[in-house]
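Chain naming follows the written order as A, B, C and D, and within any one chain the residues start at number 1.
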Amino acid sequence: MRLFFKLLQIAVITVPLLAMRADKPLRVVFFGDSITQAGVSPTGYITKVGEMLKSKGQESQYELIGAGIGGNKVYDLYLRLEDDVLAKKPDVVFIYVGINDVWHKASSGTGTDPDKYVKFYEALIKKLKAQNIRVIVCTPTVIGERNDNSNQQDGDLNQYSKLIREIATRNNLQLLDLRKHFQDYLASNNPENKEKGILTTDRVHLTEAGNQFLAEKMLEALVQK
Amino acid sequence: MRLFFKLLQIAVITVPLLAMRADKPLRVVFFGDSITQAGVSPTGYITKVGEMLKSKGQESQYELIGAGIGGNKVYDLYLRLEDDVLAKKPDVVFIYVGINDVWHKASSGTGTDPDKYVKFYEALIKKLKAQNIRVIVCTPTVIGERNDNSNQQDGDLNQYSKLIREIATRNNLQLLDLRKHFQDYLASNNPENKEKGILTTDRVHLTEAGNQFLAEKMLEALVQK
Amino acid sequence: MRLFFKLLQIAVITVPLLAMRADKPLRVVFFGDSITQAGVSPTGYITKVGEMLKSKGQESQYELIGAGIGGNKVYDLYLRLEDDVLAKKPDVVFIYVGINDVWHKASSGTGTDPDKYVKFYEALIKKLKAQNIRVIVCTPTVIGERNDNSNQQDGDLNQYSKLIREIATRNNLQLLDLRKHFQDYLASNNPENKEKGILTTDRVHLTEAGNQFLAEKMLEALVQK
Amino acid sequence: MRLFFKLLQIAVITVPLLAMRADKPLRVVFFGDSITQAGVSPTGYITKVGEMLKSKGQESQYELIGAGIGGNKVYDLYLRLEDDVLAKKPDVVFIYVGINDVWHKASSGTGTDPDKYVKFYEALIKKLKAQNIRVIVCTPTVIGERNDNSNQQDGDLNQYSKLIREIATRNNLQLLDLRKHFQDYLASNNPENKEKGILTTDRVHLTEAGNQFLAEKMLEALVQK
């Protein structure tokens, strides 16, 4: 009798495992900057994606890996692509980079020219596609939350986002248009046109609400077919 | 018969002239940067304002004075206010400055912080109003003609324009919202979303069409009561 | 007879001097940026100049006034010259500005071009001299304490210092070459070639030792004839 | 018997060496920016190195390859290392990059932070050494020819040069200290302390004399053992 339950128990556990073994968990790398580095913290967006999957009973189908480093620009991602992404043999990679490429122009004179931004971005994509990795490209979110295009870097962020949309089209890649999602959200949810405090704490890094919103968009993109 | 017409013609011309002699011509100073410096050239916007007035037979009612110097920012205007404007005892002054305050941030690291921009702008206004001069404040036009807020400096230009609109309200001054006029024009007349070549030759300085468009807006503002 | 005139001459000169000393202390304004703003704090350089004067029993001969505001560049001094300096009817004014004019190029894109720096500096001097105020011009100290010209802004600071030396010569003004004094000090007292921690806490703002050193140099310049 | 083997061993080693000298010239790649791109022009420094070798009758012993692209920074070299250098199977590579990494901070806000500069530089070296390529690292020359450390970027150029000297030591590489050579030359040959016109036409790009001077230093480094 005991043995029967034991066997049953094993069966209950084994069946999904077998199913899964056929489909081993999808390994997903989030490749980016400080926002992604913070994404694996207890309230970070990657943690939240994991919790959402768990609440749907799908946690075993995905393995989520954060690969964010503060201050990174597109060329920093390129430099550490082998070690931090390819070596992990991911199935899916989100590329979410561009804020520092724009921001550092004004804050330290070390941003990235748009043509170089595109060049390194496509070099990343080429190496990922060569490994048959599914790539999801994300437009940069915000530097300042004003919703009337009056944040200092809005022009540049809009332009770099257009470049990423073109990259997605040109390379036939899935686009997650985070900038548009954030702008739409702020158009509705920032009636006082504040610079920060809605989705960000400091114009760039995410509040709890910001992490939640980002997690939802990431998950939608991930499960999209 | 011929003589009669001749006399009539003289009368038609003379009557307003006599009226005007009582009211000496309105002295108008255009105070600004390289766009205004070029404004007095044969195809410049100030020259065109003069031609429009002439075609309406009102040239004797206005005296137009260009006071633009290339590369000027708001504090440069402040430094030369006495010599280049107040000394000329104008009735009306257009202040049209801000492009270099924004642009030089990226091109040479020598732009103007927004709080300082406002401070110097209001210092200008205070000195002009102390002389009972009618002041018309203009928002900065464009750095790049793309019509979807994707020119690098659009965020800053939008922000500095908002600051000028606030200055106008706070000081009860006439506003000439050149940036809005240019943006509206480009929304309709730049279907290919080009960076330059519509109203500007080089993203900033004006084409013949740009000078014409600016002249019309300046004249409208000038004759507005 | 000749001796009589000689004595008379001395008397004529001496009486007002004595009167002055009895009557009113020499009013000294220190005009500058955050370093000068901090100069009036308990351990600031202006406080220390006062203490040194006191230890020599000369405190009643001088009135020291701090007129420093954080973040100020040369044009900010110009804007507030009337209110913060001329209105106080000083006998002596130290101008000590330039660090932000150089530094803000890299940190926010809002530094000051060298030609504009000179123009505003000489406009300050002209207005001070028109009031017969004794002006002492100071070269900017340091942004980083490395003693081998390898701090990022050393080139610019050296150049702006040269411009001030030329201004002093051209306008026949007393020069206090603070940059040279600081560089000489660091050549001897920074054997590990550290970026900060000797005269500055953060590459710019002064340690106790920095305030002491600056106070000595200021006092030397003040009493110099 | 032992001697015989020893001699045999020497023969085995020597024959290919002799063959090599007869067979194939030493392939040298000059890897850099616009100065190197111009180096292959009729009066460029690479052309001049070739002419010097020819005048010594050694032209067949060296194959000189220019791999310079205008505007390149260290990360641009990294991106094109495979295609433009490794694919050419060079024996020697000169790395001469850094001017744009410093210069673009001020001119377009897109320079390179010093820590990233070092990181990419060492990544280049690692890949070159993995192919047993002899690497010669060069310090950046000048942005402005004033000889008293008063060119705007002197502080940064001095600092980046120190970083390269440290890289050379740390990686046991040959150093060609171009910045020191240029500074020494200008100390002696720029009595009027001009900004340009001695070794450069425009503060950066080389005059005929500049190309000649650079060619001599490159050749000295190349033949050095």
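As a working rule, contacts are C-beta pairs under 8 Å (C-beta built on N, C-alpha and C of every residue); 3 or more make two chains touch, one makes a residue touch a chain.
In this text the structure is predicted, and so the values were computed from the model without any measurement.
**Q** Out of curiosity, which chains are bumping into both subunit A and subunit B?
**A** Touching subunit A and subunit B alike, sorted by label: C, D.
**Q** Can you check which chain pair, C-D or B-D, has more C-beta pairs in contact?
**A** Contact tally favours C-D.
**Q** Counting only Cα atoms for the centres, state how far subunit B is from subunit D in Å.
**A** Each chain's C-alpha centroid was found; their separation is 52 Å.
**Q** Taking the mean of the C-alpha atoms as each chain's centre, how many Å separate subunit A from subunit D?
**A** 40
**Q** Just the number, please: Cα centre separation of subunit C and subunit D in whole Å.
**A** Distance between chain centres, rounded to whole Å: 45 Å.
**Q** Among the residues of subunit C, pick out those that touch two or more other chains and give their numbers.
**A** Residues 105-106, 108-109 of subunit C each touch two or more of the other chains.
**Q** For the complex, which residues does subunit B have touching subunit D?
**A** Result: residues 106-109 of subunit B touch subunit D.
**Q** Using the touch rule from the top, collect the residues of subunit A that touch subunit D in their complex.
**A** Interface residues on subunit A, with respect to subunit D: 75-76, 78-79, 104-106, 108-113, 116, 119-120, 123.
**Q** Flag every residue of subunit B that touches subunit A in the complex, lowest number first.
**A** Per the touch definition, subunit B meets subunit A at residues 105-106, 109, 144, 148-159, 162.
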